[in-house]
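Two complexes, one shared chain (subunit A), two partners (subunit B, subunit C).
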Partner chain A sequence: MKKIGWIMLAAFMFTTWMTPGYAAKTSPYRIGVNLELTGPWAEVTKTLKNAMMLEVERINKAGGIQGRPLELIFEDNGFEVGRAAANMTKFTRDKEILLVVGPFEDNLQATTRAIAEREKITNIIICPSNPMVRDLKQQWAFNIAQSDIIVSQKLVDLVLARKYKKVMVFHGAWPLAQSLAEYFKQFGEEKGIKVIVSPETHKPTDIDMTPQLTKIKPVLEKEKVDAFYACTGGPPGPMITKNLRALGIKTPVLGTHAFGFGFIIALGGEAMEGVEFPSAKPVVFDQLDENDPAKPININFDKRWRERYGTPSDQIAGYGYDTIGLIEDALKRIKGKVTRSSFREAFENTKGFKGTHGIYQFSSTGHDGLSKKDMVFVRIEGGKFKRIQFPGFD
Partner chain B sequence: MVDQAQKEFRTRDLLYSIALWFLSWLIPDPQLHYRREYKFKKRDLFYLSAVLVFPLIWPDPHIHHLMVLAGIHGILALGLTLFLGYAGQISLGQAAFFGVGAYTTAVLTTRYGLPSFLAFWASAIMAAIFALLIGKPLLKLKGYFLALATLGFGEIFLVLVRENASLTGGVIGIFNIPFFSFAGFTFDTYLKQYYLIWGVLTGLVLFSKNLVRSKMGRACLAVASSEEGASALGIDVAWIKLGVFTVGAAFAGLAGSLFASVMSTANPETFSLNLSVLIVMMVVLGGMGNLYGPIAGAIFLTVLIDRLSRYQEYSLPLYGVILILLLIFFPDGIGTRLRVRLIYLISYFGRKKRREKVNL
Partner chain C sequence: MEAFISSTLFFLTNDPDEETIQLKTMELFAPLPQLFTSGITFGAIYALVGLGFVTIAKASQMINFAQGEFVMLGGMLTFFLFKEIQLPYLLSAFLTIPLVMLIGCLLHLLVIYPLRKASLPILLMATLGASLFLSSASALLFGTLPKALPPFINRPPIDIGPISISLQSLWVVGATCLVLLFLYLLSHRTLLGKAMEASSTDPLGADLSGISRHLMIFIAFGVSAGMGSLAGIFITPIFYVSYHSGTLIGLKGFIAAILGGWGKHSGAILGGFVLGVVESLSVAFMPSGYKDAIAFVVLLLILYLKPKGILGSPFIDSRRW
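Let's look at the complex of A and B:
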């Protein structure tokens, strides 16, 4: 009996030893994903994760890329700089990992970008916003989402189209909201709009903005402000609008691209009627122009998303779709050996990739994929997002 | 029958005693501070050589990076254990001093171009000054009130950082902080940073060892057991508490400076209450009555959190369950109870065999 055991052990060792050589041809392309799966951004990153998994499954079912499947390896960074950086080194050390996606929030990005530059691995960032990060010379980091510059320019267009002369900005105390406010002031003043940035700010955890808005109210009345820009994201958006209306202020409210979620209307209710904002295309994908390439992609993706998860897709899910789509596109274009550097070359040469958010163009000088053309104006009417168009501003 | 069974010598008892003898090398002695004077023992040499050799026998950059973080947490926990474990006071403001250190280094190196070596010491001094200023009024409080007041200081520090955008960069923070360098030698790889940080930690452990055995350390223990009793003995309680608080803050300042240069960023989100609670957790989990316990706790928690990352959204519940279990089974900390627990475990099988014999 003992002898048989030894023979079986030897056979087992032999086969396992042989396996790598045999499996090399179909070994997957491994992608590290470094996300805030716990902490304040858990809900958003979960959507992103689901979208990425859905897309990877589709690609693998269709036989992968040149016969090699994709594989996502998730690591949670718990919204901490140290852990995000440690995950990043974990990925860079693993020679199998071709690129890293994430982290999501900009507080964590500066460190991972620095590691990506040092270790020479592509780092795809979903939500770029930090102006200081953008100033860093970046070779290996790429941005997916609309940058704050584009959003601010689009909002200035909206203000011009509506012929508002004075706009009050009430911004949140976090990097994205702050830089949105600063760029809006800069671009608005170039176009002759008077922008008043409120000294009062709010935090993402504030559930009642009445104290700040009570202080702002006299300024609003004295300056005869035409529009109120709630420069924020997440739950504070509807809170601000609700509290404004409760204080009896009738000034039209403008929002950011972070207003395009179903829960915003559910939280704000009646008060959200008439709020206008520049938005990403997936929010109103059924109202896009017939010749818009993003329309069929969104309809198709939304259908698959509903089948799988039972809820309507949103713009965050769209980022997940586009990220995997861009990776697939770049991998398909690589001729010869797929390495970290050849992948970076291919990704940088992405021209005209059509995703749910629009058309992506990367170049050696521009690592932001989207442009102003990939945004639309949206107004909330009757509890729904409705696309609005202004001649000359689209 | 029972007596006979206990007197009976078996060869495997020898095995147990070898294991116990080996353990006595590894595990810190909770009674250490009752001894009259301190000598450099074999155990310390063992720890030191383990720290020196570890990265060489495990040449994995990710492990080095983790140990760099663990070392920074270890410095923080060491500073807190002097205050929490020895002087018996609770502080939830350690992250704020960490932040003071990080921002001092960030501002001095990026805005004023000071060499990082000078910024390193300036960070400790800055954190100590902050601790002196706020410690004078705060340390009159006791127990929960002191915890609340230090918590308040942590929040005030965050508000100060967010609002002084011209100095600290506001919510955006400061980027591109250079690596620590000294006399033309830059600590740019994780291996070099490992030796830098564990070198600093070794120095601070030696400092703390001497401090604990000095007049001040003894006074601390007296204050921890009874403030009235200590003052009756002629100990200046307020001064002792302030002194230990300042030393702990200076440690945190050094850790902050190292963190800023390793991560190359300083951002208000990093220095929130979460970090303070994590450090208290490291000290409590590691064992409060000794100096090696908190460092063990820091290494353990840092590695644990990293290992749990792969479980994605389940990492947080798992982390909670592990902490609860550890606190139930090791209420005095893994560094303190480990010895007793392991002795129990090793002798368990022997006792079981013996019990069966008795019953028969």
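Let's look at the complex of A and C:
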């Protein structure tokens, strides 16, 4: 019996010595991920989760960061503010957790941001910042995706390039859509575009916009509006376009960056033809300029994504890639002890990180990483996204 | 709810300066014909869902809160058969109806029948649970992203003066009429329909005359599931279907059935159209954020004046009021 015990001990020592964990000699960097893994956005967040896991695997296979691997700890918040806050608190109380990624959706993030600020932990938010919290100048929250400001700026460029003089805005009744509409009005009027914001709005649960659009229709005709801006996200976008066309309104439709998903075209069908919107680069990565640094990154990532999951990658997968890439980049730059505060400082000093969405720059005053240059114009043609270019507007 | 409040607040705080549109009295009435038309489409949908509620109520006085899920499953299964298995559109639609009917019958066998000795509120809770189960199962099996079907006949909308009508809306109205005709014939011309009604209006009498009440409820579940799936197949090309879209549409159908007179086929139809038209027309006079609330306000107002619904209900005892 004694012999077997010795053999077991030897075997145990041998195996532990062989595992990478022992080779790294240190514990992993733990990252809390707080996502809507169930609920209406389950499919989208699953893509994000898969992308993050793919990237962490790549980093760990290459030996981790200075010998320490990354570890993702996922918690599902079920698209509920209460659970998102509970997850966030749980992560912050765990001293092993270095930072928290998520939540994904706009309406959950104000809460987690407040917790991050109080507990002093970095919180990386995927979707654009909630405009109501922008004025708070929070130090611990960072945004990955294109903000409402740059989307509005890019859309104003599109309107100018198309030489539209009058634009009608039909926006959703939630903070992000409202702020997109307000910024579009502000930037548009600076450039001499007449922006009419419709007093009629819609909710994310509206499955039919015909009543609102019927009310807007006489105004569209009377004011001779050049373009109709469907300032929304998710299923309402294609429904607005579909209902507009069913009412016989031929006005060109402009959309937001949230139109850049395959399911949006599928929902709207033929009505989506000709819709133009400012878009993230991964949506049309194969059509980017040759000298665009985002192009090879996207092609390479898409190849790895296809090998692993068998589907084409999309902009959400791109956010996952960029998030892990930014974390890796920040960790590599930390000299000395890696703590929550030294990580925040390093992340804030990210300069020129090249990701699938473009080039990220953070500073003490700017926690939105991307800029207007990281967006392109896209038109829906033949059921596909097609990049359109205008001289002087890129 | 949050979205609703912020929408109304936004409207109230949005001062009518020169940029916002001032609708004059003339312009206020201009969209009414179009709003009426769109209200009719919605009315037909609510009526179709309401009829499903009534069919079960007529057999057992029960409220089946999983009715909306039959609508969702109708759209979802058609999408699955058409897009994933790639059957022809028509065949997938025709296959979906018996499939959903089967689910309806299973719902009765697995949930309602074992609870046959329980009281009505417990059955109500059981159907609510079944509704949650069906929508979550659909999210797991078919995914959470919304799905749309192509229109039956791909043609531009018909323009009649200031109104444009999409062909799919005509299909929905046609389907409602057809289902109503079918139900009329079932309950007035066949022994089965009469037996179903008898088991609800006079359970003891039905038992004495040898009618198996459980069999009648079983059949009622199948029929109402079939009608729900039909509604789902017809409306998915106009809107879209997602795993949680059954809840609201089920609730609206239930309101329609109560509004017209609980337990009457004609009541559900009338209630559906009244609800759809009022909801749609309300947009002309009020911000659209109030649209969903209007349905409930109308329900309350009508029930204050006529507690048994517009056409009266055979089930609600007036003495209680």
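One rule holds for everything that comes next: the second predicted complex is superposed on the first by the 369 of 394 C-alpha atoms of A that agree within 3 Å, B and C clash if a C-alpha of one lies under 4 Å from a C-alpha of the other, contacts with A are read in each partner's own complex, and residues count from 1 in each chain.
Just so it is clear, contacts are C-beta pairs under 8 Å (C-beta built on N, C-alpha and C of every residue); 3 or more make two chains touch, one makes a residue touch a chain.
Treat the numbers as computed from the prediction; the structure is a model and nothing was measured.
Using the contact criterion defined above for the overlaid structures, shared-chain residue A:269 touches subunit C, although it does not reach subunit B. Once the two complexes are laid over each other on the shared chain, residue contacts for A:239 go to subunit C alone; subunit B is not touched. Of the two partners, subunit B and subunit C, it is C that touches more residues of subunit A. Once the two complexes are overlaid on the shared chain, A:299 sits clear of subunit B and of subunit C alike. Of the two partner chains, both subunit B and subunit C are touched by A:174.
By the touch criterion defined above, A:42 lies against subunit B and subunit C together after alignment on the C-alpha atoms of chain A. Within the superposed three-chain model, A:107 lies in touch with subunit B and with subunit C [touch as defined at top]. Of the two partner chains, subunit C is the only one touched by A:219; subunit B is not. Overlap of the subunit B and subunit C interfaces on subunit A: residues 38, 42, 107, 173-175, 178.
Touching subunit B in their complex are the following residues of subunit A: 37-38, 42, 46, 49, 74-83, 85-87, 89-90, 92-93, 107, 110-111, 114, 130-133, 136, 173-175, 178-179. Taken in their complex, subunit A has these residues touching subunit C: 38-44, 107, 172-175, 178, 185, 195-208, 210-212, 214-215, 217-219, 235, 238-239, 246-248, 263, 266-270.
Taken together, the subunit B residues at the contact with subunit A in this complex read 60-62, 65-66, 69, 162, 169-173, 175-176, 190, 259, 263-265, 267, 269-270, 274, 305-306, 308-313, 315-316.
Across the complex, subunit C meets subunit A through its residues 2-4, 6-7, 10-11, 14, 19-21, 23, 27, 30-31, 34-35, 38, 42, 139, 143-148, 150, 154, 157, 159, 164, 166, 238-240, 242, 244-245, 248, 280, 283-284, 287-289, 291.
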